[in-house]
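Input: structures, listed below.
Next come two complexes built around chain A: one with chain B, the other with chain C.
Moving on, here comes the complex of A and B:
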């Protein structure tokens, strides 16, 4: 059965995209004196949804390599999420190129005048320079987009073949992706996000960033699965699948907190000037309430609500918590970028709402549109029977 | 879930019955030990005694008998401590995390991995105690009122968090392990013919009679303990990493330490599980239960965790460059090219490069090669801690105090001694405990047993024809 992208939802996603785009364009005029704020919002949202999309392939690849069977009946959803990659990376590229052309100063190291007076940045210029940055960008795009489409294509072919040999072939490709992603997940986080606070550094940063978009991807996957199930497109997805996805949301929310807190605690404890400045900019400024709300959404809420079995089997509870967790991780990325990009000159207005609406609308449209292209439920597969009878 | 894909390799070889499983697993307890066991036991016990001697000498004389000096004031003691704690991570990972991920292959290895965990933590815990010099006031590490003669502990210190983390880990692991043992002890008791041994197993099985109510409570307790163990897998080595990372010493203070230490701990834990199980399955004739499939799964975990550790090493190197902090940069330059560079390259070779050969299926299913690799990883992980600890200390901020570290015979003796204690305990375990969780294993016989899978396939074929 193919998914039918219903009129209401389709119109809503297109409307969000258009309104978002208008708001962004309007913001460019309104915030002419703080244009960086508009661009920084585009960075936050485009990186966020690119991360969610790449986490979609990551989820599929890990299950392929780990011989996971349970996810088979809903594998089309993470696969569809990964098809947003070209869009996300396109806008990410625009933000980067605009920075190189001097349209904004999110990345201080792109500005030759600043670099000329800054010894610390000069020391990093072997890594942080326009050419090498674009080469790395091309590398990420080639690997992520390439594997996203390759793995999806192989998975669709599995509907006709369903052989063990085909599974082994897909598994080997997935393993190759995981090796490359092990490196690019960290380096991309340094490139796009950590280099905003160009003086600051943290070895954990890559894994922490990854954990954030991985949790968001689980939450979004859950919302889409629940939506499709409610509308009768996924009869073989049962409550055990849903509960297991809820467990993932619970567990990885704690995992994200573990990384966030590890980074914070070690820097706070050692209190070295070159490191602690990062948290001073976030806790001793107007960002403090934002950060505290973010931690409540990303830890306290999923921890308390998803603890019980019943809540992980209740579609309404799961949908609300998932959306709140997604909001929490957007807020996390926001506080990772904004203090370094615009300092205290941040706000919550047209640029923020515009960027969020635009990307949320576009993501919804692209992903749900991909789901109409092929049968939502696989016809064949090595572990399909296991997945259909998944019961915990 | 019932019925698994025919593509999955059977986890129990041959066409076993429930009774056959009981017979096979109880055999080592009921039979007599072979010569090899006595030989191994003698060697281990002698090493353990030698260790006790060295510790007595250390306590009688003082830590000056170690190779420590004013610059390198932490070396083999803490290296061994971290090494043993790390090894103790596989048991909980197998019993809690792999349980959550429904990895059925864990059922053949969890019992002995948990036993290994407990023995490893015992060995680890000795080091902080003997380093304090006065064993009889070891309880001063706990927050006790000053009237006890102790001083109120420093809650800001990660060393105190270690006391909490490791004692919690030890008690929960022990509780989890013992809970699982109760029904199996009852099975051993029911089969035992020697009266005094029957009496012992009667006591240890807590009068288990296998009623439905008991099984229900057993399941509930297991679930609660598994839930408690899961965060412990992460917390223990995280806090061990804090011992270093909260400091301001270049090479120690880095934020990636917590997850990277956890990955390294699981890496070394699985290597030790492989070292022990590859011998055990042969000696106790458990080849049908601990199969090549099990070994392959563990080798896959070795590749994953080894690669995570590798990514962390590279990240540290890169960020040392990227940070622009000259002390940080020198710490890594010194590791790779300084007087202790040989230890750095042993670490890199054993932990990052060599496990990559497991990408080749032929090698990760070769038992002799796996055994060799498990030793390589154990060596590599010992050197990792040595590199982190000693190379960061021996050339500190003040070049006038730069020095080298050389271990003394007491350093070596205490280390060898803990290995003796570890193997002695494990050898005793292997003769008196059911080394595989019988009751748990029986629950997967009809899903993953070779004979049952074959019948299921035939049944499916018949089904297709009609």
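Moving on, here comes the complex of A and C:
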């Protein structure tokens, strides 16, 4: 059965995209004196949804390599999420190129005048320079988008073939992707996010960023699965699949906290000026309530609510928690970028709402539109029977 | 004879689950099932009540967290104030991050030990406990459904007939 993108949702997602775009354009005029704030919001949201999209392929690839069968009945959803990658990376590219042309100063190292006076940035310029940055960007785009479309294509072919040989072939491709993603997930987090605070560095930053968008991807996947199941497009998805996705959400929320706290604890304990400045900018400024709410949404809420079996089997609870977790991880990315990009000159109005509406609307539209193009439930597949009888 | 337990022996896990489902659906209460390995779906088939070990796990975990919070406060703030990480604040709230690993570990430790000891205690598995297995073959390749006929509404022969129809390879009787 193919998914039908219903009128109401379609109109809502298009309306969100258009309103978002208008708000972004308006804020370019309103915030002419603080144009970096508008661009920084575009960076936050485009990176967030690009991360969610790439986490979609990551989820598929991990299950292929681990020969996991349980996810087969809803594999079209992470696959559809990964088709947002070209869009997300396009807007990311615009932000990066605008920075190189001097339209904003999110990335201080792109400004030759600042670099000329800053010995610390000069020391990093072998890695952080415009040419190498664009080469890396092309490399990420080629790998991520290439594998996203390759794995989706192979998975769709599986609907006709359903042979074990074909499965093994896609498993090997997935393994290649995972090796490449192990490197690119870290370096992309340094490039796009960590280099905003160009003097500062943290070795587990890549994992921390990855954990954030992976949890968001699980949460978004869960929301889409529940939406499709409620509307009768996924009759073979049972409560066990949903409970297992809930477990993923629970476990990776704790994983995210583990990384966030590991980074914080070592820096807080050592208290070295060049490192602790990162947290001073976040805890001893107007960002403090924002950060505290973020931690509550990303740790306390999923930990306490998703602990019981009953809540992981309740569609309403899961939808609400998933959306709150997505909001929490958007807030996390926001507080990773904003203090370094605009300092205290942040706020919550047109640019923030516009960027969020624009990308959320576009993401919803692209993903749900992709879902209409192929049958939601696979017709054949090595692990399809196993997945249909998934019981825990 | 009538007070003796019925032991229906099966040689296949799927048949056992099916037999368990058939007799349970007929309103017969299955005492327990003996099996060499965990059989998937058997607890549903014989309508076992859901385990409450998760409640125990939560309580033991919470005990671990609070014990660790008290312990770090007593040792490093109250009894022998420590200068944590070059920050001599001597306040629990301000030194909280460095106590988190201790609280995390003790939560795991007490949660895991509490769960396993609760399980042993409830199952009666203690040092010197007597073997309750009616037939040593259930540790190898046989499965046994145990039913107490004196507690059922159905007649004994009827129960035995149902078990046999469901694929029992032999019916034994025991205390």
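Keep in mind that, in the parts below, the second predicted complex is superposed on the first by the 392 of 392 C-alpha atoms of A that agree within 3 Å, B and C clash if a C-alpha of one lies under 4 Å from a C-alpha of the other, contacts with A are read in each partner's own complex, and residues count from 1 in each chain.
Here is the rule we use: a contact is a pair of C-beta atoms (placed from the backbone, for glycine too) under 8 Å apart; a residue touches a chain by one contact, two chains touch by 3 or more.
Note that the coordinates shown come from a computational prediction; the quantities given were computed from them, not determined experimentally.
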item	value
Clash or fit, chain B versus chain C on superposed chain A	clash
When both partners are placed on the shared chain, which of chain B and chain C touches more of chain A	B
Partner chain(s) touched by A:391 [first = chain B, second = chain C, both, neither]	both
Which of chain B and chain C A:263 touches, first, second, both or neither	first
Contacts of A:204 with chain B and chain C, given as first, second, both or neither	first
A:142 touches, of chain B and chain C: first, second, both or neither?	neither
Touched partner set for A:309, first chain B, second chain C, both or neither	second
Touching partner for A:11 - first (chain B), second (chain C), both, neither	neither
Which of chain B and chain C A:67 touches, first, second, both or neither	first
Footprint overlap on chain A, comparing chain B with chain C	265, 269-270, 391
Chain A-facing residues of chain C, complex	40-41, 54, 58, 84-87, 97-98, 100-101
Of all residues in chain A, those that touch chain C in their complex	261, 264-265, 268-271, 307-309, 391
Of all residues in chain A, those that touch chain B in their complex	67, 69, 119-120, 123-124, 127, 164, 167, 179, 182-183, 186, 190, 201-207, 247, 251, 254, 258-259, 262-263, 265-267, 269-270, 272, 274, 382-383, 385-386, 389-392
Residues of chain B that touch chain A when the two form their complex	1-5, 7-8, 100, 231, 234, 238, 242, 245-248, 253-259, 307-308, 311-312, 314-316, 319, 321-325
